[in-house]
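Take a look at the structure below.
Which chain is which? They are A, B, C and D, in the order written, and residues in each are numbered from 1.
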Amino acid sequence: MEDVILEMKNISKTFPGVKALSNVDFALRKGEIHALMGENGAGKSTLIKVLTGVYDLEGGSITMAGKNIVNHSPEDAQKNGISTVYQEVNLCPNLTVGENLFIGREPRKGLFIDWNAVNKRSKKLLDDLNIEANPKKLLGDCSIAVQQMIAIARAVDQNCKVLILDEPTSSLDDDEVAKLFTLMRKLRDNGVGIIFVTHFLEQVYEVCDRITVLRNGELVGSYEASELPRVQLVAKMMGKNFDDLADIKSGHENKVDMNSTPVIDARGIGHTGTIHPFDLAVHKGEVIGLTGLLGAGRSEMVRAIYGADKADSGQLYVNGKKVKINKPLDAMMLGMGYLPEDRKKDGIIADLSVRENIIIALQAKKGMFHLMSRKEMDEAADKFIDLLQIKTASRETPIKSLSGGNQQKVIIARWLLTNPDYLILDEPTRGIDVGTKTEIQKLVLDLADQGKAITFISSEIEEMLRTCSRMAVLRDGYKVGELSGDQLNQADIMKTIAGSENGGSENAK
Amino acid sequence: GQATSGGKSTSSSSSSSSSASSSASKGGSGKSVTIGFSQVGAESDWRTASTKSMKGTLSSKNGYTMIFDDAQQKQENQIKALRNFIQQDVDYIALDPVTESGWDTVLKEAKDAGIPVIIVDRMVKVSDDSLYTAWVGSDFKAEGNKACEWLKQYADKKGIKQSDINIVDIQGTIGASAQIGRTEGLNDAVKANGWNLVAQQTGEFTQAKGQEVMESILKSGKKINVVYCENDNEAFGAIDALEAAGKKVGSDIKNGEIMVMSFDSTNAGLTDVKNGKIALDTECNPLYGPRVDEMIKKLEAGQKVPHLQYIDEAMFAKDNTIPTVTAKNAKGEDTKYDVTVVTDDVIKGRSY
Amino acid sequence: MKKAKLSKTGFLLLITIVMFAVMYIAGMIIFQDKGFAKPQMFLNLFISNAGLIVIACGLTIVMITGGIDISVGSVTALVCMSAADVMENKGMSAVFALFLALIIGLAFGVVQGYLVTYLKIQPFIITLAGMFFGRGLTAVISTKMISIKNKMFLAWANEKMYLPFGYTNRHGVLVHAYIYPTVVIALVVVVLIQIMLKFSKFGRALFAIGGNEQSAVLMGLNVKSTKMKAYVLDGFLAGLGGFLFCLNSCAGFVEQAKGLEMDAISAAVIGGTLLSGGVGTVVGTLFGVLITGTIQSLITTQGTLSSWWVRIVLSIMLCFFIVLQAIIGGAGLKKKDKGKEKTAKATT
Amino acid sequence: MQSNQSKWSRITHAPLFMPIVCLIAVLVLNVIQTPTFFKISINNGVLYGYLIDIINRGSELVILAVGMTLVTAASGGQDISVGAVMAVAAAICCQLLTGGQKTSSTLAMPIIVAAIIGILVAGLCGAFNGFLVANLHIQPMVATLILFTAGRGIAQLVTKGQITYERAPSYKVLGGYIGKCPVPTPIFVAIITVIVMQLILKKTALGLYVESVGINGSASRLVGLNSTMLKFITYVICGLLAGLAGIVASSRIYSADANNIGLNLEMDAILAVALGGNNLGGGKFNMMGSIIGAYTIQALTTSLYAMNVSADQLPVYKAIVVVIIVVIQSPVFRDKIANASKKRKAVA
C-alpha cells in the first residue's frame, strides 16, 4: 500500500432526491491504470467530480501522497496534480484548438502570451498524438471525436500525478483508442496513476491493472483485473448474473422481404460539402448499418435523409411515393425518427423534465393546438422510464441531472413514443453500460420484428454485426459499398472501408 | 404670424428696439446667411412650437439657410452638433441648450473659429461670458416668483390666512432648468409667506405622472387647497385625479375647492383657465424665431446687440381679481407684471 | 485559402472596418461642400466620443464574459456630478476629482462584480439596479446643475494639441486640426485593452468564460476571480470614461449621459462583440463608436430633418447597418465553413 | 415533524414562493410607514385606496411583462422597444379617433376599430423585431434597439410632433371606469390578458415549445419544432400586448403623448420578469412570477410616493430594494444561509 498516491474514504454525495454516492472508498496506486466501472447512474462521474472539486465534499476525506487535501474547484485539483477529462467534452468552442490546449497555462514571453510557442507546442502535441487538427482552427469547427482527442491531449500534457479519464473513448474509433492506450501505458510507466471510466469491457481488460466497481452509489469492491473474469465483472456491476451478449441475434428471424417497396428509398441524395450523392434503400423490418472511419460521413448521410441538413440533390421515396423534405418535421410526418449523435448539443433539452423530453417529439408532431393531456404525458413517460429502466428521481426531474447514459435512454424513449416507421439511430449506445447496451440492441431487433425500418450507426463493428442485416460502407463522404449476408464479417468490412485489396484498416490518411 | 404674445411683450432689458414684425430678406444681398441651430429635442408641444417658430422665421424665404439639428435631449449630441456646424463654416450658431452648464470647451472652439453664437431659451453658465454673443430667453425663477406673488395677493384679497395655504408642488423633471427655477420660486415664497408645503414630488412634466402623483398625495389624507403644477400637462393630470377623487377644482379655496396653478400657457392650458379649472397659468414663451432674426440682422449690419435679453412673459387668469403683481425679475429687481384675462380670442391666438 | 484562415472575430472586425470606411467616404463625397471632407470633421468623432470609447471598452470586456453592464450611463453622471461638486462646492483640486472619479467607478465595479460573480445574480438586473442607484445618488448630491470653473480642470479640458495639418477657412484663417488629450487617453486605453485581451492570461480567460463558463471551470480556470476582475476593470474604465466625458462637457447634472449605456452597447455590438459572450475586440468597439458617430454626423450635416425624422433616419441607418452586417457575416461565415470542410476533406 | 419540515421545504422551494414573499414584504413595509395603506373605501362611487392604485397602475406593466416573459423565454433576450411601441399604438389610435385633428371631442371612427388598428400596428412592430431576431439572428437587444430609437419618432411623425387629445368621454373608459362599475377598467384589461394568456398556455403547447426552443434551439429543430417561427410569434405577441398597454395608457390621459407614453417601462418590464424568478437567458419561464414581479415594482413605486420619499432619492431606494430582493432570491445566497444555520444547529 505504500505506493498509494490517492485515497478517498467515506465519500458521500446527495442531490435533491438522489443519494448519488454513499460511503465510497477508493484508492489509486502510483503507476497503475485503474478502471472505474458501473452501470449508467452508478455514480462514477459524481465520484470524479467530488474528487476534483466540482462538487463540494460533503463527508469523508481525500488524501494524496499521505496529505489531506480539499479541492474547492478544478483549479485546486490541477494544482494538486490531478488533471481530468470529464465525460462531456468540456472545452471552449469559441477558442482555437491551440488555446484550448494551453489556456490557463499559456507559455509566455515576459508579460505576454507567446502565441508562436502556443501554436508550435500545440502542433507538436497534436502530432505526437496523431490528432488531425490545425492549432489555429476554432475548436467549434472540429468534429466531436477530434474535440475529445483534444480534451485528452490537454489533460495529458499537464505534468500530473493523477490522470482521470471519464469515458474518453465514447466517440473514438479503434485507431484512436489504440493511440490513446499507447499513451496511457507510457504515462503509467512514468508513474502516473490513471483512473479510467469506460463501458467497453475489452478496453478495460486491454489496459487496466485494477478495477473498482460501483453500483447504485455504493462501492462493490476493488479487484485486480487479472483476477476478475469478464462475466463476474458484469455480474458485479449489475448485481445479478448476466448472459453474454454474443448471441442476441438468434431468435430473431430475418423476415425482410427485399422485393417489397422500400420504406425509404433515397436516390442520389446529397448535401454539398458534407455527403456526396448516394442511393440507399431500407425495407420494412430491416436493420441497416452504416459504417466507415471516423468522419466518413455517416452522420451526414442520415442527416440528409432526415432533413436535418436539407438535401440539395436527389429524390427521396417513402413507401414508393416521391416526397420532399425541407425540415425535420416533414420527415417526422412521414414517419421518421432521428436520434442524433451529439447528445448534449442536439439531443437533450437540458432544463426540461424527463417527461417533457420524452413527449416533445410526439407533441411537435401533433401540433401546437393539440396539447397532450397531462395524463397521457405521465403515462407515456412512466411507460418508458419503466421499459428502458431510466434511473431518475422522478419523471419531473430535469434531464440535465441524469447521468449521461440515462439521458441517452430518454432520447431513445422520445423517438419510440412517436412510433416511427423508420428510425435512425446515430450512435445510440454511446456512453451506455453493457447491460443496457444489450437491451438496446435487443430492442432494435424487436422493433425490426415489429416491421419498422431502422438505420443503425455505431463505432463498434461487433455491435453492428450483432444487429444489422445489411451494412453500407462510407469513405470520405462517398458511399463505397454495401454488404449483406455472408459478407457481414469483420474482415470484409475492413476491406471495404480501406478500399484496398489487402484488407485491414489503415490510418485515415 | 400669430405671435400674439411675442408682440405683446416688451424687452425688460436694455433693448429698446421695437420688434420687427415681418422679416425681410436681409439687406437685399444675394448671399443667404447660414445658421446652424441646435435644438433640445421635441419632448413637448412647447418645444415643437419653438422649433416651428425658428424654422419658420429663419427660412430660405427670409434669406437664411438653416442647418437644423435635434439633440434628442442629450447635451453631448449638442456638443457634437456645434462642432459639426463649425466645420461647415456656418455664419451663426443658434443654441437652445439642453443644460445650462458644460459649454466652455465647445463655445471656445466656436469663438476660435470666429462664429458668433446666439443662445436661446435657457441660459448657459460659462466661465467667460464673451464665449457667446447674445442670449435671449425665459427666466424660470421669475416665473415662479410671479406665480407665487399672485397666490399671496389672491389669498390676502379673499381673506385667507397665509398660514392656511396648504400647497402641493408637482415638480417638473428633476434637474431640468424649468423645474429648478419654478421650484425655487415656490420654495422661497413658502418660506417668506409661511405656507405649508404639504408634499413635493415630481410629475416629470407629464400628464400621466402628474395624475399618479396627485392620486397618491390625495390618499395620504392630508389637507390640501392649492396644487402648484410646474407645467400644463401635469396640471391636466392633477385635475383628473382631483375630480376622480370627488374634489372640486376651482379658485374658491374657502369653500373647499382646490386651486390648480400651472405654467406654460399652451392652448389647452388656457382653455382650462377659461373653464375655471386652472386658476393661474404663467406663460413661458417659445416663439424665439423673430428675436433671433432681429439680432442677426443687427449683427450683419455691424450693430451691437444686447448681451442678455429676457422675453417678457404674461400671466393668465380667469378673471381680474388680481390685475397686476409685482415680483422680482431675474436680476432681482422688482418688476410689475400684468395678469391677462383669458378670452376666446386669446385662446384662438395660441398656435401651440 | 488565406481568407479561410480568418477567425470569426477577425471576419466580423473586417466587415465593420470596411463598412465604416465605405460610409465615411460616401459622406465625404456627398457632403464635400459641407466640410465633411475636412480632417477636423474626422477628428471630431474622437474628440466628442473619447469618454464613450473608454466606457464602451470596459463594457466590451464584460460582454466578452457573457455579462453586461447597463449602469455605465449613470456612473458617468455620478462621476461628473461628484467631480463638479468637489471642485466647485468643496474646493478640491482637479486631481482629487479625477481620483474620486476612479474610486466611484471602482466601487461600482466591485459591488456589481461581487453580486454577479459570487451570488450569481443576473448581471442585467444588478446593473439595472446600479443604473437606478447611480442616477438617484447623482440627484442626492445636487438636483441643480453644477458648472465646473476650476482653473486646472478647464486647462485640462481646453488644452488643444495641434496637428501639423489643417485647412484655411472662409475668413482666411488657417485652422490647424487639433485633438484634446482625452483622445490620446482613449486611444491608449483601446490599445492597452486590446493587448491585454490578446496577450494576457486574464484576457484569454475572459474569452473562455464567455465561450462556455462551465467548461472554463472544468478546465481549471479561476472563473470567479476572472469575472470579478472583469467587472472591476469595467467599473474602473467607466469611472475614467466618465471623467473624460466630464472634460468634454465641464458640468454635472442629473440628466447627464442618459442612455449612454445603449450607445456603448450598440457600439460594442456593431464592432462585432456578441452579447452572448466569447467574441469581441475593443478595436471593433472603437469602430462601432466611430460608426454611430458618423451616422449622427451625417444627419447633422444634412441638417434639414425634423426632430422625429432624425430619430427615424438614425434608426433606419442603424438598422441597415446591423442587418447588412448580419447578412454579410452570416453568409460569409457559412461560405467559409464550407471552404473549411473542403480543405479538411482534401487533407483526409 | 419530519413531514412538516418537508412540507415547509416544498413550499419554500415552490417557484412562486420567493416572488410572493417579496411582494408581501414590500406591502408590509408600507403598513408600518403608512397605517392606512391597506384601507380600501368607496369614494365618489369607486374603489379607493393605495392597494387599488397599485393594481390599477400596475396594469400596463403586467401586460408588458406577459409579453416580455415569452420573448425572454424563446429568444433568451429582451425586447427593449416595448415602451416606444406603446407610444406608436397610442399615437395611431388617437390620431384616427380625432380624424387628424390635434384636439377633438368627437370620434372620427369607432373606438374599437381605432384601438384594433393601433394594436395591429404594434403587432407589426413586433413582427419587425421578430424578423430581425428569428430570421436574421440579430441579438434581441440590438434588434429591438432599432425600434427603441425609431418608435417615438414614428409616433411623433403620426401626431405631427404634438400631443393629440381625444376628449370624447367614451375614450376615457378603457383607462377609467365602465359606467358605474367601481373597479377601474385597466384592472379588467390586465386580468383578461392574463387569463387569455394562461388559457393559451394551458390549452396549447405554445409554452412547452417556447421553453424548448429557448433552451436548445438545435435539438428543438430536430424534434420538429420551427424555432424561427416560434421566436417570431413571441415577438408578435409581445408587440400586440405592448400595443394594448399603449392604448390603456393613452386612454388614461385621453391623449397620445408620443414622448412619454411607456417611457422607461421596458426596463420595469424586464425587471418584473427577473423578479418573477425567470432566467433572462431564456428557457423555462414562470408567467405568474413575472406578473407578481410587475405588481411588486408598482407596489414599490406607489409606496415610495405614499411615504413621500423625495423624488430625487426614489431611484436609490428602488435600487436598494431590487438588490435586496434579487439577493434573497439568489440560490447561492439561500444555500449560504442554509449552511450557516445548519452549522449553528450542529454547534448547539
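Convention: a residue touches a chain if its C-beta (ideal position, glycine included) is under 8 Å from a C-beta of that chain, and two chains touch if they have at least 3 such contacts.
Small disclaimer: the values here were computed from a predicted structure and weren't measured.
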Graph distance between chain B and chain D, where chains that touch are linked: 1
Which of A-D and B-C has more C-beta contact pairs: B-C
Per Cα centroids, the chain farthest from chain B: A
Mean-CA-position distance for chain C and chain B (Å): 36
Between chain A and chain C, centroid-to-centroid distance (C-alpha), Å: 44
Euclidean distance of C-alpha centroids - chain A vs chain B, Å: 74
Residue numbers of chain C (touch at least two other chains): 139, 143, 254, 306-308, 310-311
Set of chain A residues in contact with two or more other chains: none
Overlap residues in chain D, where contacts from two or more other chains coincide: 156, 161, 311-312
Which pairs of chains touch, using the document's own definition: A-C, A-D, B-C, B-D, C-D
Of chain D, residues touching chain B in the complex: 34, 36, 43-44, 46, 48-50, 53, 57, 103, 156, 161-163, 165, 176, 249, 252-253, 255, 257, 259-261, 263, 302, 305-306, 308, 310-312
Chain C to chain B touching residues, read off their complex: 34-36, 38, 40-41, 44, 47-48, 84, 139, 143-149, 154, 157-158, 169-171, 173, 175, 180, 245, 247-260, 293, 296-297, 299-301, 303-308, 310-311
In the complex with chain A, residue positions of chain C that touch it: 5, 7-8, 195, 198-201, 204-205, 207-208, 210-212, 214-222, 278-279, 337-338, 340-342, 345, 347-348
Residue numbers on chain D that touch chain A, as the complex places them: 202-206, 208-209, 211-212, 215-216, 218-226, 283-284
Of all residues in chain C, those that touch chain D in their complex: 115, 118-122, 124-126, 128-133, 135-137, 139-140, 143, 254, 262, 265-266, 269, 274-276, 306-312, 314-316, 318-319, 322-323, 326-327, 330
